[in-house]
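So, here come the structures, one by one.
Each of the next two complexes has chain A plus one more chain, namely chain B in the first and chain C in the second.
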Partner chain A sequence: MKKRKMFLRMITASLMRRRSRMLVALLSIAIGATVLSGLVTIYYDVPRQMGAQFRNYGANMIFTAADEDFTYDDVEKGISQIDSGDIVGVAPYRYETVRIRETPVVAAGTNMEGAKATSPFWSVDGQWCSAPEEMLIGASIAEKYRLSVGDTVEVTYTPEEEAEDGEVTVDNFILFTVTGILDTGGSEEDYIYMSLDDLETLTGTGGNIDVAELSISASADALTSYMNKINQNVGAVNARLVKRVTASETTVLSKLQALVLLVTVVVLALTMICVATTMTAVVAERRKEIGLRKAIGASDKSIITEFMGESMLLGLLGGIIGSVLGFIFAQQVSINVFSSSISFRPLLVPVTILVSIAVTGLSSLMPVRSATDVDPALVLKGE
Partner chain B sequence: MFLRMIKGTLFRQWKKMIMIAFTIALGASLATAMLSVMLDVEDKVNQELKTYGANITVVPKESSVLNNLYEIEDGGSGGAYLREDELGKIKTIFWAFNIVDYAPFLNAKATLDDGSEITVVGTWFNHHIELPTGEQLDAGVVSMRSWWETESGEWLDEQGNADENSAMIGTALAYKLNLSAGDTLHVKGTKSDVTLKITGVYDAGGDEDDEIYVQLATAQKLDGLEGCIDSIEVSALTTPDNELAERAAKDPSSLTVSQYETWYCTAYVSSICYQIQEVITDSVASPVRQVADSEGAILEKTKLLMVLITILSLIGASLGICNLVTASVMERSGEIGLMKAIGAQNGAVSGLVLTEIFITAIVGGILGFFAGWGFAQIIGHSVFNSSINISPIVIPMVSVLVVIVTLIGSIPAIRMLLRLSPAEVLHGGR
Partner chain C sequence: MSLLELRNIYKIYGELHALDNVSLKVEKGEWVSIMGPSGSGKSTMMNIIGCMDKPTKGEVLLDGVDISKESAKNLTNVRRDKIGLIFQQFHLVNYLTALENVMLAQYYHSMPDEKEALEALDRVGLADRAKHLPSQLSGGEQQRVCVARALINYPEIILADEPTGNLDEANEAIVVDLFHKLHNEGTTLIVVTHDPEVAEVAQRTLVLRSGKLAKEVINENFTGQIKFDHE
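Let's turn to the complex of A and B:
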């Protein structure tokens, strides 16, 4: 009991009396721990955050009809197979040939909110349409018909059913307001986009859709397993991956992760060596003290235990400070770069503390040992 | 005497000095490696993003007009074509160096023996181009459609054993016609017919699975359209758009002369498009938003991420060096006290300590720079399979960093030592 009390007193006394040196050591350990916990948190969070950025490339899975009937309900059944946290957006599409000024145009009916989420790269000059009887038109359509934002135009549709008993088939028409012009650099510029309800009103038939685009934030393996699950469990849906997007995402994302990993390893290794040299310098300074203790009869073991206790206490403190600072750093990075917050990893705190203790312990062990190995007389003489 | 004292310290206390030099070298190498990687990461990631394919498409100007006027439904662009002989010019624009790949396309409608219609696409596979500038380039869909998988057979090799009847077929069409690599298929175009030899079946995961890809000349012959192409896809390294680029993309003539020059001489996707339009007669080049915009977003995020990591590691390295310098100067309290006791001035003592530390710092800094260069190359080769370009600005940045950090590290320690009274230090009280 007494011995332990004395041990604690020696450690705290040495920490308190040599305040400036200990502050230097503590600071360096805290830096090491900050770098460790900050970079490792970022490393684990990068795939998730970057994956979200890659969703800019648009849909990575599409649902098509497996049989005659394909309705939005079938799509929802398919979606229920996917973890709801992974879904970035779902947009159903139905394509019909309609006419503007008596020339044929392909009209797509969709859910505008869904389209916005699955195709973030659509650049709309004007406004996205939100109310009924509003539509977006592709840039080439706008040029062809000389339409601009705010114009109204009549869209007509001839029902497919044969007129019975000499009845005249009546064209359906709706007067649409152009709210925006769509610029994508792709085939979307040749279409007009309206809400699914409007298209159903226009054609007079409802229910069926042609295709649904899904944007899912998941790795290539997870996507494949979702696809298989949906194809197995939902009969009406034929799910396919958009290879161009998924294959390329895997390639680029794995490179990015490898980059962050390597950078983390290099930075960590160098910082830890830095911490170790500082600790070594701080302990080596006390060779005389060690010599003096040995001269008045302290055993090597007790000296080593005391120095270890001291540096491990520093390691513990530094590790705790570093965990907090590292998390703050990672959080700042995440907010600045990806504008989203980072999840706290509780496991990282003990790891950071353990590594700090290990590094400080090992790096002070060496100089202490070399000091205890030497004859105290030599040490005290200053050689 | 001064020199002798310094020499004495450097040689007699070499162990301590080596430790300082080592730590400074570590810090400097960390700074060098991170700065180099950070400055080069945009180019490297840009290269990787090329796997998404073309970010610019070039089509004839009149295509939509003609289609509209004469109601030509099929036949691709309906009479307006780009000229094949102008393709080389794309590599002569201002930003030619940023054009990494491009390929022309010509869609020909052809009929099979059973009367069904299919699309035959003529293009470059791995076309070898020799430019007037003497540069050589292999361009084509082999690299621009990197996500295609060959299900059976292999890629059509234009430079190898492929002749003009070689073709690749999409997996959906191959399944429908029950064909596989090595089979032949007779197709009839509007002007001539040809028996295609299938070298490979590809899986593109899109509409291309229902098409046949042949060499450009083969498709041209089918429709009698020698020297004509429908569209060009260009893969270019671009700078993310900013406000200026967006304004310029809408109307280049709205810019002032200096703004125009800045825009023209920056690798924005819109300025590259503009320059392509200048060299290809009657063409419209437009960015593929899906690729161009996403690239911009990812590049910006990656760069910002690397900048922040670099800042953290620079702070870490600086504080590390600072700490060690402080610790090692403090350690010399006995020596300094002795010097003061025998009459050394404060200025002389500080000068001596600083000079010693600086000589060590310079040695460590130079070693660290080369070590950091090595680390950067390791990162470059293992992640991107190419070396990292060290930009010259890294050298002054690292030197300034090392000097400032060493100074900051030594000043408080020296000031503290100078405040000590020699008697106390020598007595061992502090």
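Let's turn to the complex of A and C:
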């Protein structure tokens, strides 16, 4: 039989046949590995998770016209430069001055689904409009004209073209139903919102839009690179970032990540102390065995090798258990805190196992080293 | 040349002379008992012969080589290569089977050899208990595993420390019987014991008192035959 085979046979026998003792050590290592791998998973997933949360604050990129003409086709060209998975919503806006009861009002034509996605903080009393000839009105407008949900109101538009040959300019008008009243706390309350198609019908002109708001789930750096790419490749679009949103996202994210990192480091330190204490106890109760091994001819080196082999095997097992439990732990945290599932990071498995082996190995090195000082004569006489 | 020779050995702890100018010779193939009351220096002598301790003064010659000044590391090598130890408390590794415990000695000495280890267990009559853990063996069986482990590497000397101290009469007889077998095969045996019955089956009994060699008894009746009849 090869020495290595006997070595493996001994260390596995020690783990398998001293199960109750080893289970305690294994438990402490596995818990450490679980918390470690769980926290690291969360640490890396926080930007993604928080990015999704931050999209509640609204658009973080704006498209405007680079020159005179700016259509929804240009917006789509711009969008094609962005990974489709990162896009939370796109809302094009066209603003026109219309009249309600002969007083001017700003009407915004947009895509309601896009507006809902880019401005999740909008609070609508009633329903978002979904059919033609329906509109949302800002709270100020509702108050000014004493309009409420379900009312119908005529919206008038006077075409800009000069009336030729003394012809009377004909006003366009559409009868709209108010489906909801918009409450945002901002200037949006002074506008009325309708679909782009309705606004085009009302004005009799189509195609051009004024601005597009985009909500993109990406880090500040990725957003900047998207912006540069769009400005370079899509001539008609002038893309820029909403600094107020992107900058605060970056600040909050870095603080949150620093917090998770700090917790991870503290937990790792506590785990090391816990594992070291356990390994010290495990080695201490085997002083007699060490004495015996020395008495029958074991060198210090082979005793250190055997004990380190055992603790590294423990570390390996603990690391494997910890990787699995850590993912479950991170998943639970993610579901409870961020209400979304977490992505599995395969690289974290070998890293957790290696760290677990290293921590267990290192923390047993000291007690094992001191255990080699055991006097082999200890095993003679009835001690 | 004697296999083992102690020349004017002293072991001094402060004021206490645990061994006080002790000299003795053990020839190859000899069976020697060491007796003495508690505190007589038996353990100290045992530790020095077993290469687990060094004398304060004096020379220890094993195979003509003075080992009294060797480093702890070299003493470990001497112990591994030349000495087989048998303990009062058996001291088997509790999570290894009988067979693995014997192989452990091979592992530290050279190469583990399962077949040879099984043969050694067979010699002590435990071939059928090879896969048992120490906790599944009786005291006598554990001591026989300990004997098998001590003899597996063909040591120059088998050093037994109260080998029958924890055994009942029947098992004591089996172990003494084994010593006879070993002796007949030419093994050198040094047995430290309290028990006069165990001591007097040896060829020679040395009696220690207060660190000095007080008496040496040659066993006239030594026949090399098995004295106990445990059948």
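Heads up, the rule we're going with is that the second predicted complex is superposed on the first by the 373 of 383 C-alpha atoms of A that agree within 3 Å, B and C clash if a C-alpha of one lies under 4 Å from a C-alpha of the other, contacts with A are read in each partner's own complex, and residues count from 1 in each chain.
In this text, a residue touches a chain if its C-beta (ideal position, glycine included) is under 8 Å from a C-beta of that chain, and two chains touch if they have at least 3 such contacts.
This one's a predicted model, so the numbers in the text were calculated from it and none came from an experiment.
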{"item": "Touching partner for A:Met10 - first (chain B), second (chain C), both, neither", "value": "second"}
{"item": "Which superposed partner A:Ser299 touches (first chain B, second chain C, both, neither)", "value": "second"}
{"item": "Touched partner set for A:Ile42, first chain B, second chain C, both or neither", "value": "first"}
{"item": "Touching partner for A:Val374 - first (chain B), second (chain C), both, neither", "value": "neither"}
{"item": "Chain B versus chain C as contact partner of A:Leu316, first or second or both or neither", "value": "neither"}
{"item": "First, second, both or neither for A:Ala236, with chain B first and chain C second", "value": "neither"}
{"item": "Partner contacting more residues of chain A (chain B vs chain C)", "value": "B"}
{"item": "On chain A, the residue positions that both chain B and chain C contact, one per complex", "value": "288"}
{"item": "Contact footprint of chain B on chain A as seen in their complex", "value": "20-21, 24-25, 27-28, 31-32, 34-35, 38-39, 42, 46, 50, 53-54, 56-58, 103, 119-123, 140, 143-144, 183-186, 240-245, 247-248, 251-252, 255-256, 258-260, 262-263, 266-267, 270-271, 273-275, 277-278, 280-282, 284-285, 288, 329, 332-333, 336-338"}
{"item": "Residues on chain A engaged by chain C in the complex (per definition of touch)", "value": "1-3, 5-7, 9-10, 13-14, 17-18, 288-289, 292-300, 302, 375-377, 379-382"}
{"item": "Chain A-facing residues of chain C, complex", "value": "43, 46-47, 50, 52-53, 73, 76-77, 79-81, 85, 87-89, 91, 93-97, 100, 103-105, 107-109, 111-114, 133, 149, 161-162, 165"}
{"item": "Complex interface listing, chain B residues touching chain A", "value": "16, 19, 22-23, 26-27, 29-30, 33-34, 37, 41, 45, 48-49, 51-53, 57, 64, 68, 71, 146-149, 203-206, 286-294, 297-298, 301-302, 304-306, 308-309, 312-313, 315-317, 319-321, 323-324, 326-328, 330-331, 375, 378-379, 382-384, 416, 428"}
